[in-house]
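Chain lettering (A, B, C and D) follows the sequence in which the chains are written, and residue indices restart at 1 in each chain.
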Amino acid sequence: MTILVTAFDPFGGESLNPALEAVKALPSDIAGEKVVTVEVPTVFGKAIEAATAAIDEHQPSAVLCVGQAGGRFDITPERVAINIDDARIADNEGHQPIDKPVVEGAPPAYFATLPIKAMAQAIRDAGIPSSVSNSAGTFVCNHIMFGVLHHLATVGPHNVRGGFVHVPFIPEQTVAKPGQPSLSTETITKGLAAAIAAIVENERDVATVEGTTH
Amino acid sequence: MTILVTAFDPFGGESLNPALEAVKALPSDIAGEKVVTVEVPTVFGKAIEAATAAIDEHQPSAVLCVGQAGGRFDITPERVAINIDDARIADNEGHQPIDKPVVEGAPPAYFATLPIKAMAQAIRDAGIPSSVSNSAGTFVCNHIMFGVLHHLATVGPHNVRGGFVHVPFIPEQTVAKPGQPSLSTETITKGLAAAIAAIVENERDVATVEGTTH
Amino acid sequence: MTILVTAFDPFGGESLNPALEAVKALPSDIAGEKVVTVEVPTVFGKAIEAATAAIDEHQPSAVLCVGQAGGRFDITPERVAINIDDARIADNEGHQPIDKPVVEGAPPAYFATLPIKAMAQAIRDAGIPSSVSNSAGTFVCNHIMFGVLHHLATVGPHNVRGGFVHVPFIPEQTVAKPGQPSLSTETITKGLAAAIAAIVENERDVATVEGTTH
Amino acid sequence: MTILVTAFDPFGGESLNPALEAVKALPSDIAGEKVVTVEVPTVFGKAIEAATAAIDEHQPSAVLCVGQAGGRFDITPERVAINIDDARIADNEGHQPIDKPVVEGAPPAYFATLPIKAMAQAIRDAGIPSSVSNSAGTFVCNHIMFGVLHHLATVGPHNVRGGFVHVPFIPEQTVAKPGQPSLSTETITKGLAAAIAAIVENERDVATVEGTTH
C-alpha cells in the first residue's frame, strides 16, 4: 500500500516552499505504508495534471496534497475544496484566473475524504499545533485539492481517499516578515508524518469538536 | 423593491450581537430600495425557518444575512456556504451538531449570488476595511447562508439573490478581550449600508482581484 | 484649571493622524477643567519645543500628549519614556537619529506622572478597550513624552503632571492594510475624554493589576 | 573567558519554560568562550540573588538572562529594564508586587550593555526572526534584567556587560493555545548561540536601524 504525497514548488516570490522542504524529509515508510512524494508545479491546470499522473503511476491508497499557507500559526488539514479559481497573484507561469471554475460542470465543492479531524488530533498529540481549516483559499492549493477529489470521484480509482494540508512559513521565510508566525521544517515534517499515520489508522474520521463559529 | 436583512441574536456568552446592533440602525431606504430587517435566532433549523418565512412574507429582491465573526478585522462578504453543520459550541437552544449536512441530499455548497466583490469594494470606498471571505465557518452563520441559498435555488423565488456578511466585534465586546480587533456599531452600519447599495447597483458582480492564496 | 493636550501631525506616509483627528474633536471642558489642544510637528526637537512652549503659555495643571500607534488594538496610556532617540523612519523633516539621547545628561527614563492605571480603567468603563503600555517606542512619541517629563521635572512648574497616550489607526487608514486593527475617531475621542476625566479625578494613581509578564 | 547564561524555571501554569529548555541545549563553547548556564527561580528577589551569586562564582565577561515571552513571534534582545515591579500574575512563591521599585533609590532604568542590535542581526543571519524589544515587561524578567544591570553598575565587576533576551513559546505549549506563535527549542537554541557569538564578537553595538515608532 502506498500513500502519495504532493508538494508545490516555491511561488509568490519565495525562494523555497516549506511544504516541499517538509515533504522531501518524510520517511519512506509510515505506519507500514510506503510514502511516495511528488513535486508539483504551482501552475493552474498543470498542478492537477501532475497529481493525477502520479495517481495513475503509483496507484496509492490515499493522496495527500501539501501547500504553504503563509500567516497561519498551525498545520491545517482542509475540510473542503470549492469549484473556483480566483487568483490573488499570478501562478508560476503567469496565469491569474478570476472567478473561473476549476472544472466546468463539476459540483460546487468536494469535501476531503481523508480523516481530517483524526489528522489534526494526531498532529497535536505529537506536540504540534493543528486545527481543521474550512477554506483552502482560491489559488492553486484549492485548485489541486478540488482537481484531485474530482478525479478520484469521477475517473477513480473510487476507493482512494484524498485531501489537502496547509503548513505555515518556516523561520527562514519570516526573517524579513515581522509579525508572521512559523514552524520549523523539522516540526512540519513531524506533523505531516503524524497526519499520514492517522490516515493509515483511520478508515473513517472521528466525530470530535473541530468546527468553527466563522 | 425590498432588501431583506437578517441578523442573529447574541450567542456564545455575549450580551449583544454586533450584527444585530448594526442592522437595527440601518436606514429604511437605501439606493431607492426599502430595507426590511429581521432578527433570527442563533439556533440550527429555526434560523433558516425564520429567514425563509421572512422571504415568503416580504418577497424581497435580495436577501442579506449578517452575523458576528469575533476576531476578524474587517467586514467580510462570504463567497460560499458549505453543506455541513459542525458546531464548536452549542447553539442558543443547546444543540451542537457534529458533521451533519445542513440539508440532506442538497449540493455540497452554494456560492453567494450577491455581488460580493462589488460589496467589498463599496465598503472600502466608504473608508471601512473589507475583504471577501471564503469560509463562513461551520456554525449557524454558514447554516443560514446555505439554507437561504438552497431555498432560493429550489423553492424560490428563483430570481432573488442571497448571501451573507460577517462583521467584527464592537469595542464594548473587546474590553475584556485583549488583542481582539473591533469596529464600532456606527462603522459597521455604514459599511452594511454601502454593501446594500452595491447590491442594488450591481446586478452582476465585478471581476476584480479579491481571491486569497489560502 | 487647564488640561493641555498635544497631538502630532501625520507622519510615515499617512494622510492623517488619528491622534490629531480625535484630539481636535475633544470637548472644551471635561470634568470641570478647560481642555486646550495643540498640534505639534512629528519632528525631533521641534515636538518638544512646541509642547514646552504651550506649557509656558497655558500653565496647565496636567499635560497629555497623544500619538498614533498603528497596529495596536486599544488605547494605551504609556508608563515610561526612555532617554533614547532611535528612529525606524525619518521624521517629517528628514531626521533619523540612531541611538542618541533625547536629552544629553538626563536620567535614563521618566515614569509618567499621570494616573495611567486609572486612565486605562476609565477608558474601559466607557466601553473602549484599553491597557497600560510599557513602551512608547523610540521615535518622536517617546521623544516628546521624555522631553515634557524632563521639562516638568527640571524647569517646571513642578506640580504639573505629564504623560502620553497611544491610539490605534482609524478604519480609513486600514482599508489598504489588511489585518490591522482600528478604532473609529469617535471611539478614540470618547476614550481620550474618559482618560482626561480620570486625570482630573485621580490626583494619585490606583494600585490595580495592569502589569505585563513581558 | 566565560559567558554566563541564566534561564527561569516554568511559571504561569506552564509545565516547561522554553528559555530553560533552549539554554540547557546550548553548546559549552561558543566563539572561543566558555558558556555557563544557570537556572534561576521565577521569584522576585530570589531571581536576582541567584543571578548575582552566579556572577560572583563564575566571574563572567558577560551575562545574558533569558526568559519566555509567550505571544511574541521572534527572539527579542531587550533594550532597557525599568525600575518597577508590577506583576500581572503571582510569581512562583505567590508574591505579586504592584508598582514597587526593583531597587529602592536606584535609577529609573538601565539600558542593556550587550550589543543588542548586533545580536538581533546575528540571529536573523542564522535564518531566525529577531528584533530589538523596548520593553521586558514588569514581571520577573524585567526584574532580573534590572537587578543584574544594577549589580554590575554598582557592585561590579564594572567591565562586565549584561542584558536580557526574550524567546517565544515552543510548539508543545501552543497546542492548546490557538493563534499563538512559536519557535522550536532547536530554533531558539540556535538563535541564542548566534546571539552569544555576537556578544563575543562585538565589544560595542552596531548603529543600525532597529528602532520602533511605538
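By our rule, a residue touches a chain if its C-beta (ideal position, glycine included) is under 8 Å from a C-beta of that chain, and two chains touch if they have at least 3 such contacts.
In this text, all values refer to a predicted model and were calculated from it rather than measured experimentally.
Following the contact convention of this document, no chain is adjacent to both chain B and chain C. Centre-to-centre separation of chain A and chain B, using mean CA positions: 29 Å.
Separation between the centroids of chain A and chain C, computed from CA atoms only, is 47 Å.
In chain A, no residue touches two or more other chains. Chain contacts in this assembly form a single closed ring in which each chain touches exactly two others.
Those residues of chain D lying in contact with chain C across their complex are 12, 67-72, 79-80, 82-84, 86-89, 96, 98-99, 107-111, 133-139, 141, 166, 205, 207-214.
Of all residues in chain A, those touching chain D in their complex are 73-74, 124, 127-131, 171-172, 174-175, 177-184, 186-187.
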